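Across the two complexes that follow, chain A remains constant while its partner is chain B and subsequently chain C.
This part shows the complex of A and B:
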């Protein structure tokens, strides 16, 4: 929507701030404020301190941060591989097959993640597929949850990819596998990195399925935050939440940088 | 250039039909492109010309008929095993690769010896005058430059057959005539490469081609040298699509060399057409003169277009609009005036009614 008049512009900005600030900015600012606070009984926090960050970046919390990072990186790489593979396979199918795959990969999005967590728990609790009690069950559940997003963003990019590049490559004598590695995947790189970033962010914040599955030695950060607030350490929880938020943002910024370098034209 | 797998092979369509879901887009095409020949496939959009090219490239599969490159039947081969060079309208340069890597792509894909690649890339870029741009990305080049790189990329694999699909239609008019001269020069430098050139532009076809295959409605309508098609078209479609001829319905009156056009007797070469037969008289607009003369016809001036060096007059004669291209007039007649136009007998071609192109013209 194009707004030309000066008052119109001001009005648009005013509406934007009225909606954006209370909905998005204030809750995040409150968490940041709480993480530096010893006491918050009135309207404003008091007793500024950085003590909570000492707790949030050492011991169990530090352990939880590494756990979360390892889980999110593994899950998003796995999801990216599986999701892109499936999306590339779907692109070469006829319409009916493609619809079926689209539906199949929609499932983990449509089904509540608690249900996915429970399903994974039930399915992998007995030999020969005994993963319960190991870190692998958490990584597996996260992979299942985020693969859908990888599949969707990569297949959307494949649809937009002009087939003339593949055809030019084929006419130059390139086998289909050579075309895939040298032409299609490089051209899909922006979409792949975007998908990786999305999967990473989703996995970093996943709580509901993780709650049903995590073994004592593999506690991701969201579980740590939940536990902290549950036992009443609201400000420590806030500090851990800020660490989670900051780490995720940092990684996403890094991914975005790769993406700008990978996008052409 | 030597060493290509399909060097000097030529193309042969053998009753090739292509259909998309029951819709026939190419109907039993019989056509041979000789080694080293430039064949233009000329026709309006939807005439099947691009489909024919894609059948050679391997991107559409004929429902019947065979496609041969030299003595190889390639009908069942995937595109990457055909050894052809192809250049399309939108260039299709790989945006993530530099110019030299675009040109090297086909060589690497075909596992040409590593040591040989830089030399052949340089050679191909030299051929199209793009050697100075080797390290640029496609997005840093103009349309004409991108098209040159696309041609270099196609030629680097030393194909025996080069397919050009409307290669100039994305360029502006001035660049287009420059590239046309460039393509003609390339062909002189690579006399063994057969070129199949798909275009809807008659000027490109007339300028570049050794022979032109005129296509319409999924079928081959006519095939011949540019001079043949222009001076002696065999079908009404060719006459009007190549050179935009005037077509007049006439009846041969029996006496040799005389036809009747709406009650006017005209003297034209009738050849072997029998008397009493209806036929179409074809006269090129630039061969129509203003004023009295042989085969004079009088009508009402319906429209005048000034085209710089020429004037085009549209004259309505007995419900038929005749186009006349005249050297720029000092004084143009006013619209609605009675004007007389004429043409020389030897400038007219008589097409028997229902004249069709029998096909089967090879070489």
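This part shows the complex of A and C:
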């Protein structure tokens, strides 16, 4: 459309791939390749091995994987509950109330995650709410950080919702709770699953707040990757990173399948 | 207007249950209270404690002394300047790179362009520190680039040592955050009527001129929204800086972490945190204003 000559097109594409491939594709490929090698100090990796995966799927790293999964699933479910409740409540308010709730629930995006971690650490390190040193403090921090994204995706979907369905139901005498349960939530199901996937992915990769407050017996995968690279075992770190990326992708794919089924109903 | 009318009709039909009209009754406000209360307990109250802690020095009492101490320290000042220039530099880099890449995907389409767009979505769901991890393999002291150099030239040491400098952080941030600019841009480009481009082109405008006079004005709102979001995210970025392991690169989030966890100096950490919150929330409010005004 923009470039019509053949050579011009090829030149544009060449520039595109010269920028795109080294910047975006190579880093991910390098991590995957490095996770299978013992030594990489030339152009190509050498010494193919699956040893790193043995290390990455046993002992501490396996524990980190289950830790991350439990944390991400609990945080996503909690965030989804609070976020969609708030989004539904905000949608029934007038303009000013809605804007207030929008600002309030999007605030955790603006506050640096490290600071969220620090704040949670300060607040929950003393009675009556003593969570420091338990897994709950990690789950709580993740929930705070991802609730904003759940709120955002659900409220964006509510705006696009056709009000005719619920009005028809209500005009036929359906109670508000029935309208919510049988009309609005099913219509919002695609958005809810999308939000769940987003929250899960974000929580799986959360490092900043976690570094501030993880107890020694609850180390999620990103902390494990950092610990590995920090002590110099880059290749093991790469294998754990591949496990992290793979798990995230698998869950996202699963969620996308639920979503397509939900939207075709 | 239409929904208000329909709401009144339904309220009449369902008798005493005025549910769907958009009037804010007390019951609607009551439903908004539980999530707000939860957020206040787990987020606003902790933030308030951070502010309180920042004016409570270890010696006890309430004073602004921690602020004075922190503002006077060289480490804070250098962290502040590093954070700001890194964030601004990365944002500019992301905007330029994201604009060029989105332009090609949208207007010089090639087979596999959709796959590239899909890849960018996947890219967004990975944590940022993976980029630094990958860069360690590529440009690290014993990485690919230096290995190739020493093999070819026979020198004992490669030329690439920028990874532990701010430039390494800049490269990683531009790589990671560019997709955040491309997404809104691709959405904006998909709404652009391509007939405009054909007309401009048939009237003899060169591609550079079409980009400048037709595409760029259309893309400005998306650029502004994406750019300010990336600016806030760069100011708050922690994982990338932590993974470079560079002692020379200290940003504000790194300083918060260092003061709190490594030095256990909580008042100072809280002061830095308050400064960081002020900058980020200020910019984020600006972002929301910009994106509301342009409807992005």
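By definition in this document, the second predicted complex is superposed on the first by the 243 of 265 C-alpha atoms of A that agree within 3 Å, B and C clash if a C-alpha of one lies under 4 Å from a C-alpha of the other, contacts with A are read in each partner's own complex, and residues count from 1 in each chain.
The rule is simple: a contact is a pair of C-beta atoms (placed from the backbone, for glycine too) under 8 Å apart; a residue touches a chain by one contact, two chains touch by 3 or more.
Remember, predicted model here, so these are calculated numbers, not experimental data.
Visitor: In the superposed arrangement, does A:175 touch chain B (first), chain C (second), both or neither?
Guide: A:175 sits against chain B and chain C alike.
Visitor: Which of the two partners, first being chain B and second being chain C, lies in contact with A:65: first, second, both, or neither?
Guide: neither
Visitor: Using the touch definition from the top, say if A:167 reaches chain B (first), chain C (second), both or neither.
Guide: Both: A:167 reaches chain B and chain C.
Visitor: Is it chain B or chain C that touches the larger share of residues in chain A?
Guide: C
Visitor: Is A:40 contacted by the first partner chain B, the second partner chain C, both or neither?
Guide: The second partner, chain C, only.
Visitor: After lining up the shared chain so the two structures overlap, which partner does A:196 touch, if you call chain B first and chain C second: first, second, both or neither?
Guide: neither
Visitor: Taking the superposition on A as described, I'd like to know which of chain B and chain C A:122 touches: first, second, both or neither.
Guide: second
Visitor: Chain A residues touched by both chain B and chain C?
Guide: On chain A, the overlap between the chain B and chain C contacts is residues 164, 167, 170-176.
Visitor: Mind pulling up the chain A residues that touch chain B in the complex?
Guide: So the residues of chain A in touch with chain B come to 162, 164-165, 167-176, 178, 182-183, 186-187, 189, 264-265.
Visitor: Please give the residue numbers of chain C that touch chain A in the complex, ascending.
Guide: Residue list for chain C touching chain A: 3, 6-7, 9-10, 13-14, 17, 19-20, 22-24, 28-29, 31-32, 34-36, 38-39, 42-43, 45-47, 49-50, 53, 97, 100-101, 103-105, 107-110, 116, 119-120, 122-123, 125-131, 133-138, 140, 142-144, 146-148, 151, 174-175, 178-179, 194, 197-198, 201, 207, 210-211, 232, 235-236, 238-239, 242-243, 245, 252-253, 256-257, 260-261, 266, 269-270, 273, 276-277, 280-281, 283-285, 288.
Visitor: Can you check the complex and tell me which residues of chain B touch chain A?
Guide: Chain B residues touching chain A: 57-59, 78-86, 88, 90, 92, 94-96, 105-106, 109-110, 137, 139, 153-154, 157, 163.
Visitor: Once bound in the complex, which stretches of chain A touch chain C?
Guide: Those in contact with chain C are residues 1-4, 8-9, 12-13, 15-16, 19-20, 23-28, 30-31, 34, 40-43, 82-83, 85-86, 88-90, 92-94, 97, 101, 103-116, 118-124, 140, 143-144, 147, 163-164, 166-167, 170-176, 179, 198, 201-202, 204-208, 211-212, 222, 225-226, 229-230, 234, 237-238, 241, 244-245, 248-249, 252.
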